[in-house]
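The chains carry the letters A, B and C, assigned in the order they are written, with residues numbered from 1 in each.
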Amino acid sequence: MDYLLHILIIALIYSIFAISLNLELGYTGLYNFGHVAFFGIGAYTSALLSLAGLPVAVSMVCGMAVAGGAGAVLAIPALRLSGDYFGIATLVFAEMARLFFLNERWLTKGPMGLPGIPRPGWIGGGVAALPMFLAFCTLLTIAAFLIIRRLTTAPFGRALKVVREDEYVAQALGKNVLTLKIKAITVGSVLAGLAGGLWAHYITYISPGDFTLTETILVLLCVVLGGRGTNWGPVLGAFVITFFGESVRFLPIPMDFGHFVAPLQGMVYGGVLILIMLKRPEGLLPEYKG
Amino acid sequence: MIYYLQLILNGIIAGSIYALFAVGLTMVYGVFRFINFAHGELIAWGAYLALLFTQTLFSLPIYYAVLPALALTIAIGLAQERYVYRPLRHGNRISLLIASIGLSYLLRNAIRIIWGSDLMTYGLKPTRGFAFAGLSITGTQISMMAAAVLFLGGLYFLFTRTMLGKSLRAVADNMELAVIMGINMKRVSLTVWSLASVFAGVGGILLALDTNLEPLMGLTNMIKAFAAMLLGGAGNVWGALLGGLFIGIAENVGVAFVSPGYKDFISFVIIIVVLLFRPKGLFGILGGVR
Amino acid sequence: MKKFIIILAGICFLLSGVLTTTGAAEVVVGAVTPLTGKLAVYGQGFQQAMLLALDEVNASGGINGKPMKILFEDNTSTSKGSVSAIQKLITINKFPVIFGPAASSNFLAVCPIAQQNKTILIGAESAADAISKCGSYVFRVFPSDLLQGKGVAELIKYLGYKELLLTYVNNDWGVGLADVFKEQFLKDGGRLLDEFAYDEGKTDYRSEILRIKKASPKAVVNLTYIKEGATMLKQAYEISLNVQWIMGSAAKSPKLVELAGQAAEGIIGTYPTFSQDTPQYKVYKEAWEKKYPGKKTPIFGEYNYDMVKLTAKALCDAKSMSVDDIRSALINASKGFIGATGDKTFDANGDVGATYGRWTVKGGNIEDYK
């Protein structure tokens, strides 16, 4: 039972992460392959501040702000690039962030990571706190979901879709494409920072190895599998991926083959990405083309 | 002073390999107009396949093992095209990119399943390098430069003196027109992928001879190849060559000034800077497989 | 679609409950082990050594007549995986004792969780200094780096190098050990010509080697692992860099010599020693050869073996299976417990002591350095 709570919390955190990426990728058509950088920035900022003594809530909000700020700062120059190049630039940015976390030991304790990150005071630690944390996460996930839903059903959301389909049309319609994109990235980064903060305070330990290309692939998979351009899609994707990842732990694999599990999972993830693109690019929950 | 000269020499050696990688990547871009994220895996598979042929079953000495390894690498390259890229070519741009990321993840994990995640070597004894004028270079490194010169020279010959080469250039210029003019697209496709695979594979084997093999070798080198390609102007083969040399030298000399942990960071910074200020490249004038 | 997923997940959980239910007639301990991922190569060895000890425990009557078992959870050699694994072991299986993960950063990630949940966590390979402060439920049979850092500084004093270059792997183990060494070395009046960390797992260390060459040191303290060390040695050999290499315990392996060949000649290093002449060690060695004929004893295998045997003794002695009773039994059992790796008496922090011996590579073999 408690373990189920643990997996649900992870799935919810990834839901927020996936929803935020979906805003950029699914709605606006921005190939942000470096989204994990903002997850990491949110996580590290919140962790460092709370370890320095600030209350957890304040730290998390700061984490979101810094992540959002970083997003905006990256967006302004990066948006001069189109499609593929934007994708590579964001990918490279994520790697740069990771190298920064790894090398700046005076700040982030480098590869040793930050252990003992506090849980929010009113939740407490230990197994008994899990249901509380789950409630906390659920509330935040719902909040994030509603915010995004509000944004996407509003004219803002429709404008983003137009930008995705054809930028020139969007411009012709009088939309300031650049501002729209920057807004989308900023909101996406803020929410990624939220997910990162939640992650840090839940796991109570982060290190640069938590924010690698693998996480990018995972969240991409969540969005793509679940369905881009819808709001429930990424949530579904996050749940499926999280449950799949954890359920593998229960398969009775003979000891000798133990070391095949992770790369095999990796192959499955890669293969699934390819198959989805080939067979059902819109994902499990297709966008309503109305 | 000697210190810096040695760094530059190391840079040229590394750069000649990066040039091989970049040329393959840029050729594919020039003709098909997309960035093959899985190009790095051709590098890695080339090296690992050579390892396979030197080991138990075949026990060929390394220089003979190269041939079947390259043949199989070409097969992988062609399979990438046939099963993943060709079906997606005319569809959504993002699908192609995501499929290519998925493919790279798949191939990388396949390596980990077959050969494990550990570092491996070809098992050659360490040798003293040749010393001249206070600098040092090993036999392998000389072969690396020689191979680069040989292959790139061959490529030049192909482009300028043969019909096939000219078809390649035509297709890179304007695919539709070339097809209308009767150029055999299938042959061109076959040639481009074979060349890209061979260059990647040879570079991978040489790199592994000089250092070691590890599953991530494809990814890290692909990012550098990409940096080189950008510097030279996407699609510009000779630009990619110069770009590769530049990256090699910049990396090696840069380490004298920053912490070695940031070595990869240097190529990333170059990517970002070029993308922001001169996306058309420094060394190329216009695109195209020239 | 969603319903289907939820049902599927539910089935997985039911299955897991069935699969991992253990009878009351067994005593089960959890273990978080790197079975996959970059430490898998060592993880296999740890597992085999633990199973070896387990066989012996069960052959001599188990825990008061009941067989002992170990449930291994893979941590994929990552901290994230370690946290997942330990959560499962604590929440679903509710084991009172868990054998912790290998890498120090993985161990540090889970020890707050163990401490908060009042679960005993024992480590057999983690050396980081910070682990001593993990809490009252955390123990390790492997000595802290605080001791090895001093050991390396002593070796330097013995060899008489007043200035040298310090370089190390940029991770939990390397950074921790380097810090301890540096503090002692500087206190002894030494001078550092240069100091830098390098990434592990790289294939090309030429830039680092050149930086070493630039400082022209006579001795280099290189706190590294087997693969990284071998690569650096080979590449230093190529440019004819002649220095006295001083290394730590992580590089001490025949594989280093195998990979680096001639380039490894003459290295001197420290390692936590235990005499291989003791009867306990011989028992371990013979049992290993019987169960795994032809395989070399794995690195740190002896520590894992001792850990299991000590835990078994504590479980036998414990007044009940409650965590606090097991804990006091563990502390008592360790007093004067001589395992294959020597005296395992726990101090107030749950650490053990160690003596540090010196090793060197001569004629292609690893020998003790006199």
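What we mean here is this: contacts are C-beta pairs under 8 Å (C-beta built on N, C-alpha and C of every residue); 3 or more make two chains touch, one makes a residue touch a chain.
In this text, all values refer to a predicted model and were calculated from it rather than measured experimentally.
Student: Is the number of contacting C-beta pairs greater for A-B or for B-C?
Tutor: Top pair by contacting C-beta pairs is A-B.
Student: Which chain's centre, taken as the mean of its Cα atoms, is farthest from the centre of chain B?
Tutor: C
Student: Roughly how many whole angstrom separate the Cα centroids of chain A and chain B?
Tutor: About 31 Å separates the centre of chain A from that of chain B.
Student: Just curious, how far off is chain C from chain B if you go by their C-alpha centres, in Å?
Tutor: Once rounded, the distance between the two centres reads 39 Å.
Student: Residues of chain C that touch two or more other chains: which are they?
Tutor: As it turns out, chain C has residues touching two or more other chains at 37, 40, 170, 197, 199.
Student: Could you pull out the residues of chain A that touch at least 2 other chains?
Tutor: Counting only residues that touch two or more other chains, chain A contributes 102-103, 259-260, 262-263.
Student: Can you tell me which residues of chain B touch two or more of the remaining chains?
Tutor: 116-117, 259, 261
Student: Can you name the residues of chain C that touch chain A in the complex?
Tutor: Touch residues, chain C against chain A: 1-2, 5, 8-9, 12-13, 15-16, 19-20, 35-37, 40, 43-44, 47, 72-74, 76, 78-80, 83-85, 87-88, 90-92, 104-105, 108-113, 116-117, 128, 130, 170-172, 175-176, 197, 199.
Student: For a test of understanding, state which residues of chain A touch chain B in their complex under the given definition.
Tutor: Touching chain B: residues 25, 29, 31, 33, 77-78, 80-81, 83-85, 87-89, 92-93, 95-96, 99, 102-103, 213, 217, 220, 224, 259-260, 262-267, 269-274, 277-278, 281 of chain A.
Student: Quick check on the complex: what are the chain B residues that touch chain C?
Tutor: 3, 6-7, 10, 14, 116-119, 121, 125-129, 131, 136, 138, 207-208, 210-214, 216-217, 251-252, 255-256, 259-261, 263
Student: Over in the complex, which chain B residues touch chain A? Could you list them?
Tutor: Touching chain A from chain B are residues 34-35, 84, 87-88, 91-99, 101-110, 112-113, 116-117, 219, 223, 226, 259, 261-262, 264-265, 268-269, 271-272, 275-276, 279.
Student: Which positions of chain C touch chain B when the two form their complex?
Tutor: 37-38, 40-41, 170, 196-199, 201, 203-204, 206-208, 210-211, 213-214, 227, 231, 233-234, 237-240, 259-263
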